[in-house]
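Below is one structure. I have some questions about it.
When the chains are written out, they are named A, B, C, D and E in that same order, and each has its own residue count from 1.
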Amino acid sequence: MNNRVKTLTETALLISGVNPKKCMKCGKCSGTCPSYDKMEYHPHQFVSMVEKGQIEKLMNSASIYYCLSCMACVERCPRGVEPGKLVEAVRLMKIRQQDANHKNGNDIARIADENVPQQLLMAAMRKYRK
Amino acid sequence: MRQFPESKVLDIIQSIPCPVYAPVEDGSMVVYGRYEDGMTLRLDKIATDKTPKDILFPQWENLMHFRMEGKTIELTEEKRMEEDYVIFGVRGCDIQAFKVLDKVFLSDPIDTYYAARREHGTIVALACTSMKDTCFCKNFSVDPSQPDADVVLWLIGDDYYCEAYTDKGRALMEKWDTREAEDGPVEWIKGEIDKKYESLPFAHLNLTGFDGEHLMEKFNSPKWKKLSMACLGCGSCTFACPTCQCYDIRDYDSGNGIQRYRCWDSCMYSDFTLMAHGTNRPTQLERYRQRFMHKLVYFPSNNDGMYSCVGCGRCIEKCPMNLNIVKVIKALGEDAK
Amino acid sequence: MNSIKSRALELLSDGTVKRVIGWEKGEGEADWSPALFETAEEMNSFVYGDYAGSNLSKYCLKFNLAEGKTLVVLKPCDTLSFNQLLHEHRLNREKFYIIGAGCKGMKDENGRLLKCNACKGKDFEVYDEIIDDEESRKPLNVFDRMIGVAELEKMTAEERYEFWRGELSRCIRCNACRNVCPACTCVKCVFDNPASGVQSKAPVTDFEENMFHIIRAFHVAGRCTDCGECSRVCPQNIPLHLLNRKFIKDMNELYGDHQAGVGTEERTPLTSYTKEDAEPSVVHERGNA
Amino acid sequence: MSVTNPNWKPKIVAFCCNWCSYAGADLAGSGRMSYPADVKIIRVPCSCRVNPMFILRAFERGADGVIICGCHPGDCHYTSGNYYARRRLTMLFSMLDYLGIERGRTRVEWVSAAEGAKFSKTMNEFVETITNLGENRKLGDIRCKKS
Amino acid sequence: MQKIGVFVCWCGSNIAGTVDVEAVAEALKSVPGVVYSVSYQYMCSAAGQKLITDAINEYKLDGIVVASCSPRMHENTFRKTAEAAGLNPYMVEIANIREQCSWIHKDKEEGTKKAIVLAKAAVAKLKNDKPLKAGTSQVTKRALVIGGGIAGIQTALDVADAGYEVDIVEQRPTIGGRMAQLDKTFPTLDCSACILTPKMVEASQNEKINIISYAKVEKVSGFVGSFKATIRKKARFVDETKCTGCSLCMQKCPSKKGKDEFNMNMNNRPAIYIPFAQAIPNVAVIDPEQCIKLKTGKCGLCEKVCAAGAINYKMEDELIEREYGAIVVATGFKPIDPSPLNEYGYAENADVVTSLELERLMNAAGPTKGTLLRPSDGKHPHEIVFIQCVGSRCDENTERGKPYCSKICCMYTAKHAMLIRDKYPDTNVHVFYIDVRTPGKNFDEFYRRAVEQYGVDYIKGMVGKVAKEGDKLMVRGSDLINNQQVEIAADLVVLATAIEPDPSARSIGTMLTASMDTNDFFTEAHAKLRPVESPTAGIFLSGVAQGPKDVPETVAQASAAASKVIGLLAKDHLVTNPCVAESNELMCNGCSQCEKVCPYGAITYIEKEVRGPGVREVRRIAQVNPAVCQGCGACTVACPSGAMDLKGFSNKQIMAEVDQICL
């Protein structure tokens, strides 16, 4: 792993406080994930991908946004690995990249359809402005 | 005869170049300690809680230190006292006590530790212008009004009259700014002291029979059982007594060498003179009898009549069970009649 | 209180007891000392009164093996010590005829004794007969005996260290506190026994002073009836009772109230345990640094 | 406190009970869980064998800290040994604190035969506490201090 | 002047690696009293021991110090060596410079300095050693087995076979334990009762074995060779000698609401019952909670009906007190309660069962008389899902279950799957697994037959949720190999739950002072070398009480424990530990402080005439019974005068060590 990937992995682990080594690959998190089918990469894969350093692939995939943070996986993981927090950390790293995927205020109106709740827009705006 | 105002006594003490030991307050007690500014001087205290013996013959002192290096022994002897010092305000009875100690430590083989201290010390005595009920020093040829020391002070009115009797005393007194005085007031005060002494309860004790011939009779008296019954066997009386001179030699293995020191011992203790077969005075009665027979009978018969007691009365105050030498003298004195 | 004297005389002369342990008066007004009376005419110097402060229960040890019975006069607080010695099988109860003497609070030449200011009550733990009057049954007005300890505990560690160094440095190891204490009754004390490894005779360094007093307080912990004799007899006026009372206060707080010498239960707090005792670290957390 | 001599290293005596904490120390050893070399262990049959005189002897001779390890209450090989030890040591520590001796110098820790890691962690913590407290000046015999 | 020999061990590189052993040997030469000091690669080897014996003979040594590994490892070895060379075995001291020095200090210079200090401390202790002679204590020729499962029975049979009396104490009304509840056993699929009941009968018929059923041990005192146990035999209200087991009373008993523990509370049983047909002793027992006569005083039908007149409502608990030489713990296990793991819905759905409940459902004597039916509606299940590692292999600090693998679930699930597929070919069986562990003889072949021959569907993944929909159980889990989420509508869900020690284990552990680990399994004396003994002498471990294991291993360990017991009972007397307390009669006050703190009551008092320097009187002095004293030392600290001292760890010795260490 070159050091760029290494730093990404470390920041992910630092933010989430998760130790991927504890995972015994039992697959329970994926078993309980309600939005499993829509995801390209599944919760048990988040853990092994972060551990193997394939952070970029994970950050660029849309599946990290299908996680509803229901934390069922964190609740039920027998090894206490907390994959939910890991995907939360990856999303945060994505946001922190700011300029790469920054959207300014007026594009929002174009892509948001009418039944998106107003509050969600405001939350997104606040997040992206950082 | 010289004289100086009582208010000047602190300046006199501070003017003495070498260390001065005087009766000073330590908590609720008065002891002979090295005088430093800020200490409260207690020249008025009769029979101080700790005796001036502490200075000449301290409770413990290191004798020597040796260390084993493989097979060789490296021995370093404790250095003797070298610089001079002054003991200020010693009463007649304590001066007599020094004589008793001299008898023991300065007869050969001379105790060099004690001799060095004794020699470097200049003693400034203070006549007893007032006394306690527990004083009975005259019974043991002690003259409270005219102590035998290097310098003697008398407190008359609010002036100290001082007279030097030895070269050391004179050398010391020269430095004091005193003025000339005549002997009249001193003679007068001596008469007063004698008169006051007569009024003391224990002024005259019947010491007949304590002269060696009646030794076995005193030894076998049945009274010892009743006298000694309350004795706890603690060392308070022996440690308060200015003339007690028994000590024990001990080795302390500190890991990096052996420190040999001597410390006061008490004939009242169960492990006093503990030998291979045990002690030859196993019961408290025998130990109690030994203490007073030594003070009043054995010591005088070995030291041409000098009693080992100086009548200072400290053992009367300090004994937790109120036993003391006066009761013994009174109890055994009657046998002689 | 000369009814005690007449009663003792009566028992001595009719042979029920071989000897009487009481007090005798010397010259001075407060010059009372414990004394042994074996014959009737010796008895006329027997006294009991305000200066009979000393605790006679330890003297009974000397007469435990003597033939015949011994009469001993004990104040309420002394009977606690006697009972504690019974708990430790040191005294044979049949060998002693105990007169429980009423006590109105003892004094010495400088006023009421310190232990009487913290009097633990007027009931007798063990007696054959009680001779007292109405007035001696009234409890003394006493202050909480743990005040001294509590004040010390409020001090900082530095102040406590200075306080105890000041007090214990005056100790001349005369062993009066050990020899008067009714709980300190070893046949051969550790400090007198060359084989014990802690034998010491002089306060050569401040450690030896600390060591003697810590170990003595530890050995009597749980058995000390707080009779106050150690502080009374100390020629150097060291407040030794503050050490023993500290142990009593800790034991009462941590393991439940226990007064040594009461009742028949022989177990003391240090020879019993419960599964839920506090951890030693509790000492480090409470109070100030 | 006067400045401690620069090359001072803490001296710590650990009394370990043969059945539990000594075995825990061995386990820490076989697990290579290191702790400072200033700690030296004395084996005693049970924590109830530790006499307050031994603890004071250690301080007299120059120890800066004494720690007593035993089985967890209830696990003592002799059923009630550590219960008595617990009371005795609580009383002793309270008295030492009462005399103004620094509290951190003495400690009791229950370590079972299976807790090698805990033993090593405890020793590291204790050495650190003692190093912060500095040299033991209050409870020691000056004659035993190396000049 | 003492002549001491010091032997510093290299232990290969274990010590020599971080401690300069030569320097240690050299430094010890200058210690007064040491006349011979040498270092050698392996002191515990034959050559090393020969070095010691030669040195003892040549230098006439009267004491040796071996600076090597922990005394807990080789103290006995070196003591035996010294004894062989004619030196008293207790004039040997060990300095632990491996586990407590070389292994934990990286810096060689620091390690060497510490090793020297530890060696000097051992020499200082040795100087105060006195030659000791081990005493002897008698051995009661009877063993006590706590727990009547297969482990207890096997141990009892082997010990009885060697001719010694054995008492089995079983808390349930019958022996047989967990195995009696099983249907078939892996890997040979023979019926559990068929192989267990003959053993039970053999145990009941063996006159050396005395079965005390429906009883539990209340108090144990004493030590190896002479334990005294108090056993409370609970009141059965049925006289064992009269009852013939005809079970007429069971049919007549009107109170039918009792939960049948034997069938995992899946059906009811009368108040008076015999747990199962082949129960030993085959005697009824009355459940006081259910019996109307005992609760309200009315009824009494069973007494009327009983031809043998065996019913006795006045029966009381009986306390039996007996002596034993050895005690074997065979307390067995119980499956954990999976309700806290609420994602499986065990508590809410009757059709979510544990494996043991499935055993009863498939057993001919079970609640459904052998045909596998759904507990909820009694229909035949067509889709069955097995879930592995329920509550096992969890991280300690998540309270989700046990940290260990329960070892037997993979095999018994394969067994269940195979049996179901064999008996009901139309039923589909799915097994969610993390990994299948088949570590025994013919175990993997057994598992492959389940997959290949019987077509059991093994899904590598875990179940996230079991939810009830209609009369089906929707099981949603992940299938990691095909990287998809699967959803199975199951009729029956079987949880392979973790197993934990029997609840009675903790109290028995405290009673025997046998140490236990944090999961309440008994700790063995040495994990690899002494698996069937507890660190407490005389206590032995048999079966799952010591850790999860299957039947073959349990039987093997039971026989191993039996061989240890036989080894102990075969001795006429035991060599006792000579490091016991001793009172110096000259200094003893007779104040009985020591007697109060002695856990074994080893101290008694006598009036004796004491003679010493200047003293001759009759005193009350303490006397220690060396056979009973275990050498804990509590009395030596309670004794204020130091009269009571401990041989081998005397006050002087420990102080000498402290001095050396603090130098």
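In the analysis below, a residue touches a chain if its C-beta (ideal position, glycine included) is under 8 Å from a C-beta of that chain, and two chains touch if they have at least 3 such contacts.
Since this is a predicted model, take the numbers as computed values, not measurements.
From chain A, count the fewest steps through touching chains until chain C is reached.
When the steps are counted carefully, the minimum from chain A to chain C is 2.
Both chain A and chain D are touched by which chains?
In this structure, the chains that contact chain D and also chain A are E.
Using the touch rule from the top, point out the two chains with the most contacting C-beta pairs.
The chain pair sharing the largest number of C-beta contacts is D-E.
Please indicate which chain is farthest from chain E, where distance is taken between mean Cα coordinates of the chains.
Computed centres place B farthest from chain E.
Grab the C-alpha centre of each chain and report whichever is closest to the global C-alpha centre.
So the chain sitting closest to the middle is D.
Can you check how far apart chain A and chain B are, centre to centre, with Cα atoms defining each centre and the answer in Å?
One centre to the other, that is 93 Å.
Could you give the separation in Å between the centres of chain D and chain E, each centre being the mean of its C-alpha atoms?
Measuring from centre to centre gives 32 Å for this pair.
Averaging only over C-alpha atoms, locate the centres of chain B and chain D and give their separation in whole Å.
The mean C-alpha positions of chain B and chain D differ by 47 Å.
Two-or-more-chain contact residues of chain C, please, as numbers and ranges.
In chain C, residues 188, 190, 197, 204, 270-271 touch at least two other chains, as defined above.
Could you check chain E for residues that touch two or more other chains and list them?
597, 638, 651, 655, 659, 662-663
For this entry, which pairs of chains touch?
Pairs of chains that touch one another: A-E, B-C, B-D, B-E, C-D, C-E, D-E.
Please name which positions on chain E make contact with chain B in the complex.
30, 32, 612-615, 659, 662-663
Can you list the residues on chain C that touch chain B in the complex?
Against chain B, the touching part of chain C is residues 26-28, 31-36, 42, 54, 59, 62, 166, 170, 172-176, 178-180, 188, 192, 194, 201-204, 232-233, 235-237.
Per the contact definition, I'd like the list of chain E residues that touch chain D in the complex.
For chain E paired with chain D, touching residues are 70-72, 96, 98-101, 103-107, 110-111, 113-114, 117-118, 121, 510, 513, 515-518, 523, 535-536, 579, 597, 599-600, 630-634, 636-638, 646, 649, 651, 654-655, 657-659, 661-663.
Can you name the residues of chain B that touch chain C in the complex?
Touch list, chain B to chain C: 26-29, 49, 59-60, 133, 201-202, 225-226, 229-230, 232-236, 238-240, 248, 250, 252, 261, 263-266, 269-271, 274, 318, 320-323, 326-327.
Which of the residues in chain A come into contact with chain E in the complex?
Where chain A meets chain E, its residues are 22, 24-33, 36-37, 42, 44, 72, 76-80.
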